[in-house]
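Each in structure tokens, the structures are laid out below.
Note that subunit A is present in both complexes that follow, paired respectively with subunit B and with subunit C.
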Partner chain A sequence: MSLLELQALLPQLLMVLGGTAILIVGAWVRSRRSWLLLGMFLALVAALLAGTLEPPVAEVAGMFSTSLYARFCTIAWSLVIAATLLLSCRYAELHRYGGGEYTSLLLFAGTGMSLMSAATSFLGLFLSLEAFTLVLYILIAFNRVDNLGAEAGLKYLVFGAVATGFIAFGIALIYSATGTLHISEALSGLPLDDGLRPLGLAGWALLLVAIGFKISLVPFHFWTPDVYQGAPAPIGGVMATAAKGAVLTAFLPLLSSLGGAAVEIKQVLWLLAIVTMLVGTFSALTQRNLKRMLAYSSVTHMGYLLIVLLIGGADGAQSMLFYLVVYSFATFGAFGVVTSWAEQNEEIQDYDDLCGLGYLHPRRSSALALFLLSLAGIPPLAGFFGKFGIFHAALQHGYLDLAVIGVLASLISLYYYLRPIIVLFMQEKKAHRLRSGSGEEFVLLGACCAAILFLGVYPGPLLDLLRQILF
Partner chain B sequence: MIVPLEHVLVLSTVLFTLGLICVLARRNLIMILIGVEVMLNAVGLSFVGASAFWQNLDGQMMVIFLMAMTSAEVSISLAMVVYLQRRKNSVDVRSFNEMRG
Partner chain C sequence: MTSETAMNFPLLSLLLWLPLGGVLLCLIFRKSVESCRLLALATNLLVLAIGLGIAFTADAGSGGWLIYEDYSWIEQFGIHYTLGMDGLSLLLVLLTAFLQVIAVLISWRIDYHPVFFFSLILMLGTAFIGVFLALDLILFYLFWELMLIPMFALIGIWGLERRVYAAVKFFLFTLSGSLLMLLAMIGLYLLHGEQTGVYTFALESLKQTELSLTQELIFYLCFMAAFAVKVPLFPFHAWLPDAHQQAPGAGSVDLAGLLLKTGVYGIIRFAFPLFPRAAEMSLPVLAILALFGLFYAAAVAYQQPDIKRLVAYSSVSHLGFVVLGLAAWNQTAWEGSMLLMINHGVTSAAMFVMLALVRQRTGSNEISKLGGLWQSQPNLSAFFLLFSFASLGLPGLANFAGEILILVGTFASKPLWASIAVVGVLMAAIYMLRLVQSVIWGPCCEPFEKQDLVTREWLVLIPLALLVIWLGCYPQPLLDPIREPVTLLLQQGGLP
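After this line comes the complex of A and B, so read on.
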């Protein structure tokens, strides 16, 4: 690996080396707030470097690309990590987390995610995926006095380990069929009409199962609600946004360039999209817990995103990335509100506890309402434009059935997004006053609200940017 | 190459399936982790076989990384086992069922 290649990986190196340094020095300097803020600073610098530094090589070690697309993803995931660290300041103090460990683990996760989006070889893909999955095993169970956290960690560990097995075996079969680990070469080796083609397709099927586990597509979604409910709220935010986004962005260029070989895969994706949208929507209807509802909502949104993954090409990729950004702002914001309402030993999640909270904490409640309405796709907010883009692209490319089911699902979804809002504002006061949130939390929630409003009214600049960075 | 690729793949598929069955059937967390281990080692076997078949080293490189990754995963999983044992005095996954719905 030459010096130039190291220079191209500078943002990731900064995060991983900074994280290691914080982990080591954190053993002596037991401070929470300063480590979290330092980690946030490192992640922000990494995002800045990825945005401004022109990488000298196009591909690092045949494993990671340094295209505009990869750099955009690096910026996005580093910013999510920075936001999570800032959001965790009060939360970590409240639950007495080890600041150094927490910070460095989140930085490692950010590195893994940004490398995953940039991977051009199955080796890089596998290693970066594991890099952030292993970190999430620890972070989910980070609260040592919480039984639900332990259970969530156990469930994610078992499901995640099986998914690792599937992804590795899928890669092994594709490698057996094509003799290369480089993704684009493996793809061009696939259409050959020889005896090894079924082997390659079996590999792709296994890979698809593993992706289904990671981004919680039905029927591989069973872990999602439990893990989101048990995990600390800031970690839930990362898992619902960046961890899923990293997997999706890694496979987006891959499926786009699959071309004619993808007929079989596309049929499976078509079926998965329908099942995921329907099951996610109907399971969310009965939930009486905010985090579980958000989990099923994320399942449904992954179904919408599958539609555009299926369309592929520049249109599909553009609307998918736009949707991913908008969805991430809203979901992260919703988890942010839950974080800022957290008390010493519990998080306010059940609808019963939310009753009348809108009168006690009007600002945070309205922010939560705004995020949920954006997820539902109410017109002035950004979520509407995202959904419009997806269904428009689906209609243009002849996926009428998917568009109809998607529109129906988002109509039904109004019910479960409006329900917590009604509980917050319409019902009698039962809730007791919670602690007032910290300044950092308000800054973050305000930024998420502003982004949702801005992207809803004026989505042009982001769409232009996305058009530029795509392949 | 003396052993044909098909034989290696059949063997590794059988091992992988056995590991998966172990994960699905067992209720003790340690046995589940052993099942995962069998699955990942089956994968390693097929990488080595394919690497010999195609006469390139990519597969063997992947196996080395796979082993390193597996050991990292095992260390985290075993830490998790100790932690769960302390919380509930059990490593039976059935005793962790507080969340429903």
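After this line comes the complex of A and C, so read on.
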């Protein structure tokens, strides 16, 4: 690895080295807040570096690309990590988290995610995926005294380990069918009529199962509600947005340039999209817990994203990234509100505890309502143009069936998105007053609201940007 | 002032965003209820003033748009920010502004989160005006959906016992129609793009799209799904009685007076011109549904134990009349439909104002608990009588002019339909008289509050009463601006 290649990896290096330093020094200096803020600063600088520094080489070590696309993803995930650190300031104080460990783990996660989106080789893909999943195992169970958290961590560990097995075996099969670990070569190298073809397809199938686990597609989604419910709310936010986004962005280039396996894989994806949208929607209907509802909602949204992943090409990729950004703002914001409402021993997340809370905490409740309505795709919020882009792409490429099911699902989804709003604003007051929000939390929630409103009325600039970075 | 100055100054945008500006100001002054109330009133009065200004200055005879604005908005998808106002939109915008003022005035003493309440009312204003002005399909859709959230909140927060049920029902019914419309919009846009290479959502361009009859029918049905729910055309009306029954007074005024009109407006501005052949094929079906709805709703209205539900069903019945006029497809009938739309906006709003006042005094909506209001509240009851007569179509009062034009126009092309519809007018008399009889006459149920009308209520009722009489005696000023747009819209339909 040459110096130039290291220079190209500067943002990731900054995060991982900074994280290590914080971990070591943090063992002596127990100043929670300053570590969190320092970590946030590092992540922001990493995002800035990724945005401004022109990388000197196109590919690092044959494993990671430094394309505009990869840099965009780096910026996105670093920002999510920075936001999470800022959001966690009071939460970590409340739960007496070790500031150094928490900060460094999140920075490691950010590095893993950004490398994952940049992977050009199966080896890089595997390594970076494991890097951030391992970190997440710890972060989910970070609250040692919380039984739900421990259960969630264990659940994620078991499912994650199975997925790791699948992905490793899938890669091995693809390697044996094509003789290369480089993704684009492996894609073009899959023979169309050859004895090795079944082997390659089997590899792809295993890979798809692993993706299914990671982004919780039906029928691999069973861990999602339990883990989201048990994980600390800020970590839930990361898992629902950046962790899923990293996997999706890593597979987007793969699936849009599918060579010999396109037909078979698209059939599978088609089926997965339908099942995911429908099962996710109907499961969410019966939830009476905000975080569990958000978990099923994220399952449904992954179904929508599958539609565009399946379409691929410029249209599909653009709609997918736009949707991902919009979805991330709303979902992260929703988890942010839950974080902000957290008490010392528990997080307020059951609907029964939320009754009438809207008038006790009007700002955060309205923000939550805004996020949920955006997720439901109600104009003039950003979620509308996200859905618009997806249905547009689906109709353009002749997937009328998927578009109709998507519309149906979003109609039904309205019911479960409205439910928390009803509970907050339209029911008898039963809730008791919670902590008033801290400044950082309001800044973050305000930023998410502003982004959702802005992208809802003026999505043009982001769409242009996405088109630029894609091609 | 000529149309030239109006071209330079974005008057329509001002009109459109003024209420939303009011919302922002309300949020800034949220500590003071008094200032928010005044702010809401002032904003709506200002909108009304600007609308009247346009009405008196703009040149109505030019044939095209009175005022037109067009900016590029989202280039990637060819979405424009296009607003246009013709005589029809002008009248509907004026109606919006007027009813919004009424809505603010009758909720003057609201005490449950008043700032939030007035913000939502103002937000509704922007949504309504946007629907009546937008000429780009996506822009239209945006405002179309923007109506839902404030209305949902108004019903769900300030409504009666079963408010949440009614609010969710309203939201789901209306959204299910609109999502189909969204799909059809995108489909139409893609087809147009494939044919011409120009991807745009502009209404004028999309009218030129060449469609096979099957495609046209499918798209038309999707559009009509959205509009028929809002109108509401039988059998899509189930949400309306619940919404009305539960909604607060101002919510009912906006629902009956404005929200229903957006459905009719959508049909004539979008569904018919975009898909003329499908529209022509659907006319008999529309007429049958309209006639059936007219009778069915009247019969159900007669049975209602709740006065708000009764008036809600009367709205369904009246809107059936409006749609019947559209289905007759000639100049006279259409003018009648438009006129009835405006008239019904005023009279139904007036009726709901009366019901709100009655409820304030008696604490009940149930017919069995009401009666003999005249003895304690003669002034209130006099207005009640006047508006009820207007609503049942008494000659010389508002609704009559529209109904008679519809009947005349329909008789010219479809005598049978018109003959059946005449009986419907009679039905209206039956249920309205039952309402009047059981609320203001009959044995006196002791009202909770003795006070007759206060100044603020006089201020609401006198303009409404004047308008009802004026529209009934001399509707010509309304027919003039309608004539030109109706002729144009009929021509675009391309039917004989």
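Methods note: the second predicted complex is superposed on the first by the 466 of 471 C-alpha atoms of A that agree within 3 Å, B and C clash if a C-alpha of one lies under 4 Å from a C-alpha of the other, contacts with A are read in each partner's own complex, and residues count from 1 in each chain.
To be clear about the criterion, a residue touches a chain if its C-beta (ideal position, glycine included) is under 8 Å from a C-beta of that chain, and two chains touch if they have at least 3 such contacts.
It should be emphasised that the depicted structure is a prediction, and the values quoted were computed from it without experimental measurement.
For the composite obtained by overlaying on subunit A, subunit B and subunit C can both be accommodated side by side without a clash. When the two complexes are overlaid on their common chain A, residue A:395 makes contact with subunit C while staying clear of subunit B. The larger set of touched subunit A residues comes from B, when the choice is between subunit B and subunit C. In the superposed pair of complexes, A:247 makes contact with neither subunit B nor subunit C. Contact with neither subunit B nor subunit C is seen for A:47 once the two complexes are overlaid on the shared chain.
Applying the stated contact rule after C-alpha superposition, one finds that A:123 touches subunit B and leaves subunit C untouched. After overlaying the two complexes on the shared chain, residue contacts for A:378 are found with subunit C alone; subunit B is out of touch.
After overlaying the two complexes on the shared chain, residue contacts for A:106 are found with neither subunit B nor subunit C. Look at A:463: by the touch rule set out above, it reaches subunit C but stays clear of subunit B. After superposing the two complexes on their shared chain, the closest approach between C-alpha atoms of subunit B and subunit C is 24 Å.
On subunit A, the surface touched by subunit B in one complex and the surface touched by subunit C in the other have no residue in common. Subunit A meets subunit B in the complex at residues 122-123, 126-127, 130, 134, 137-138, 141, 144, 147-148, 150-155, 157-158, 161-162, 164-165, 168-169, 171-173, 175-176, 179-181, 199, 225-226, 229-230, 286-289, 292. If you check the complex, the residues on subunit A that touch subunit C are 359, 373, 378-380, 384-385, 388, 391-392, 395-396, 403-404, 407, 410-411, 414-415, 418, 422, 425-427, 458-460, 463-464, 467. Residues 5, 9, 12, 16, 19-20, 23, 29, 32-33, 36, 39-40, 42-43, 46-47, 49-51, 53-54, 56, 58-59, 61-62, 65-66, 69, 72-73, 76-77, 80, 83-84, 87-88, 93, 96-99, 101 of subunit B touch subunit A in their complex.
Residues 73-77, 113, 138, 141-142, 145-146, 148-149, 152-153, 156-157, 163-164, 167-168, 171-172, 175-176, 179-180, 182-183, 186-187, 190 of subunit C are the ones that touch subunit A when the two sit in their complex.
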